[in-house]
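We just call them A, B, C, D and E in the order they show up, numbering each chain from 1.
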């Protein structure tokens, strides 16, 4: 696919930073606002799609590395399942940060209506981040693979 | 008891079956032993004799899988014709069959029960 | 220390292969050898754990695991009537299926070590194999309907991707497309039924739903949808057409494990019929429906298998017929819903046949994979005289043939005998049809045996070699299992099948945990 | 497959599905609400998250979410299999 | 029972049924493989809409404690379930479209009547 016009590329250059930033905002604030790992990851992946469309086939290969995205995807999943494994002292998927409150990380527990505090909800934010990384790289891999199409054998 | 499967209306014992097979095998061996002793492998005796014609190549005499039950397929033409037509390989037909079965089950269970 | 681990086994058996799936993809970026060793260790550990859990459950009864609660046995929050978290519920039937699944997956893994080296993308192959295993185990162990849907999707997607693995063949894409469309349609309808339950009772737990079920029209419709969806995924006629396509085009070992995947759908069907609905609906009518589906499957599967020319496709049609036998037995068991009499015998026979089916058809598909590996051909018309060079494969094929066709003293005979006798009490005609179909099955495999292994030796196959030792080992393991089960069926029926069948009939125990 | 038979089957399925829509509780007035009411009341206390949906997704039904992430991973593997490089000999 | 709350006015549910039936129609009668995929996504949207509609309570707000009154919240579970099922649907759709592309590469067509070498 050929790259699109200069106007599109310029706008993309400005815009994709904001899209990715917004995506990460959605991921990190998943336990306070609507959204979460999946939605934020999809937003970030849409920035990848924008880049792919604007810059075309040749350029995008140098910008996004499929191998790196693949490794990021696996590490997100491994982080997720390891967080679940960590609760195994009690039960798999046990929210050990929020319930015992022995470790002062993400351990505040507000009650009633409140504006929201990032330092709450135990392992939920960590899981959000893990899932967000997984989703953004998984969708990135899918977008890149389907965008680049078939490769013939050497 | 070991080796006897009670099915409620009968039983099945592989041990007895194996003993029977061994007995039959011994009888067969005895019969085989009474056979023609002059038979020798790899001599002129084992060559196929086709009325003096040369023996055709292996490729020509191999019975292919298609031809194994040829007569059976020919006799059941009226069953196999529509059957092969039904297995059309179109994905829509597969789903249509599912919807038809779903409709029938709906009528029987949802409507009549 | 190990005693502390036993309560956690239900989740560990699912989570360890899942971890293995993720990690093995990382390992294969390092080296193939490391990946193989790692996968072997993970599968070995899973096999060991599932056997330990099996021993525990067969002695102590069912095990419950509440995910994320403060204690594993705490199904509902303290002082509350209904479960809000996902519950894993493993009873004798679940662990029976679990042991079958893990064992078949282990053997298939050993088989595919060598032949899959020839193709590109082996890293994805092993990861998908693990994920398929995880999907099946998740379906078997879960006590939550929505969770069942999720794992159904994992199993379907992994299965579809594995069917498409031979991308150099044109037809594999078509088969995979058909497979994924059928599977996701079935899964979506399962989700629809789940939504119907959720809307009425605001619950997703199988045991709780069974307790509060009112058997309204909505429940009946949900039952129809679940019945049809699972029957389609199990491959019952006339919704079986995807099955020969997918099995015929998938690599041999993949087809061997896909047989188990369709049997897991069968398990889900049994779970829905017996545990979720129980005696609430008219069991006789539903039993008749399942029986008729089973008879159709037997008849169509066997007769269509007779005229096939593709090795995998032929076994795919016989797989349809074998599922028909299980459906027939299950239908009769559901019609005579009791812990005595012919209904119970039929149910036992059906469960026994599930075990035999997974082993027999698995062995036959492995043989087809071995033939493909040795000759590169699957068309029966092009094969001939392989018995000269592939003696051991030929012997394993004879074992599988006898088992599937129900020749004594193999395991297939024992379970089919139970099916004939119990179905005869229900309806003699059905039993006679089943016996005739079994004879047809023998004819089918005589054809295969003749055209693949017997016949004159062709020039193009004179240089064919016996397959490597790891493949022989895998096939040999299945053959030994088949012969052992065939020689002492009573031990298996009394100690393994009977508790599993009892777990279905005495549904009060399963429902009583919440 | 005969088109008319399929159409009739589709109509029958439609009739029964329509029945489900009318037999379901009126829109916006669910009959049973025990499970969700429990979550709404206790989610903030038990998990500390303000967003109840997030506590359901990652805490009460976290296992489902693990399965969902796995489905995504599986699909990526499937896509990679489809687009994988084929070797020279066609394999 | 007033007219508005009578069962026939379950309009969201009726929409759901229509979506599912339209999807099934596309699956049964459309020969284009892409249209078959679209039919499946229609069914999927129908089921997702069904789940979401089941979780609605009249006059309630999103279940987030930041701003909503604590007494009036819609059900959170269907939202979580729908989130799960949307992601699953996305994954399945991506895979199915890949297969369709592969079929097009191999067969040169995406007509279901012509992509049927596996039959009989």
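Here, a contact is a pair of C-beta atoms (placed from the backbone, for glycine too) under 8 Å apart; a residue touches a chain by one contact, two chains touch by 3 or more.
All of these numbers come straight from a predicted model, not from anything done at the bench.
Any chain touching subunit A that also touches subunit E appears here: C, D. Here B-C and A-D are compared, and the pair linked by more C-beta contacts is B-C. The mean-CA centres of subunit D and subunit E are about 9 angstrom from one another, to the nearest whole unit. Distance between chain centres (mean CA atoms), subunit C to subunit D: 24 Å.
Rounded to whole angstrom, the centroid-to-centroid distance between subunit C and subunit E, based on C-alpha atoms, equals 28 Å. In terms of their C-alpha centroids, the spacing between subunit A and subunit C amounts to 36 Å. Multi-chain contact residues, meaning those touching two or more other chains, occur in subunit D at positions 6, 10, 13, 16-17, 19-20, 23-24, 30, 33, 35-36, 39, 44, 50-51, 53, 55, 57, 59-68, 70-76, 78-80, 82-83, 85-87. Counting partners per residue, subunit E has 20, 24, 27-29, 33, 36, 54, 64-66, 75, 77, 81, 83-84, 87-88, 91-92, 94-95, 98-99, 101-102, 105, 116-118, 120 as the residues that reach two or more other chains. Residue numbers of subunit C whose C-beta contacts span two or more other chains: 18, 22, 25, 67-68, 146, 150, 153, 157, 160-161, 164, 167, 173, 177-178, 181, 185, 199, 202, 204, 217, 221, 224, 245, 307.
A list of each chain pair in contact follows: A-C, A-D, A-E, B-C, B-D, B-E, C-D, C-E, D-E.
Residues 32-34, 36, 38, 110, 112-116, 135, 142, 146, 150 of subunit A are the ones that touch subunit E when the two sit in their complex.
If you check the complex, the residues on subunit D that touch subunit E are 3, 6, 10, 13-14, 17-18, 20-24, 26-30, 33, 35-36, 39-40, 43-44, 50-53, 55-57, 60-61, 64-65, 67-68, 71-72, 74-76, 78-79, 82-83.
Subunit C meets subunit D in the complex at residues 18, 21-22, 25, 67-68, 77, 80-82, 84-86, 118-121, 124-125, 127-128, 131, 134, 138, 146-147, 150-151, 153-154, 157-158, 160-161, 164-165, 167-168, 173, 196, 199-204, 216-218, 221, 224.
Against subunit C, the residues of subunit A that register as touching in their complex are 67, 70-71, 74, 77-78, 81, 84-85, 87-88, 90-95, 99.
Residues of subunit E that touch subunit C in their complex: 20, 27, 33, 36-37, 40, 43-44, 47, 50-51, 54, 75, 77-78, 81, 84-85, 88, 91-92, 95-96, 99-100, 102-103, 105-107, 115-118, 120.
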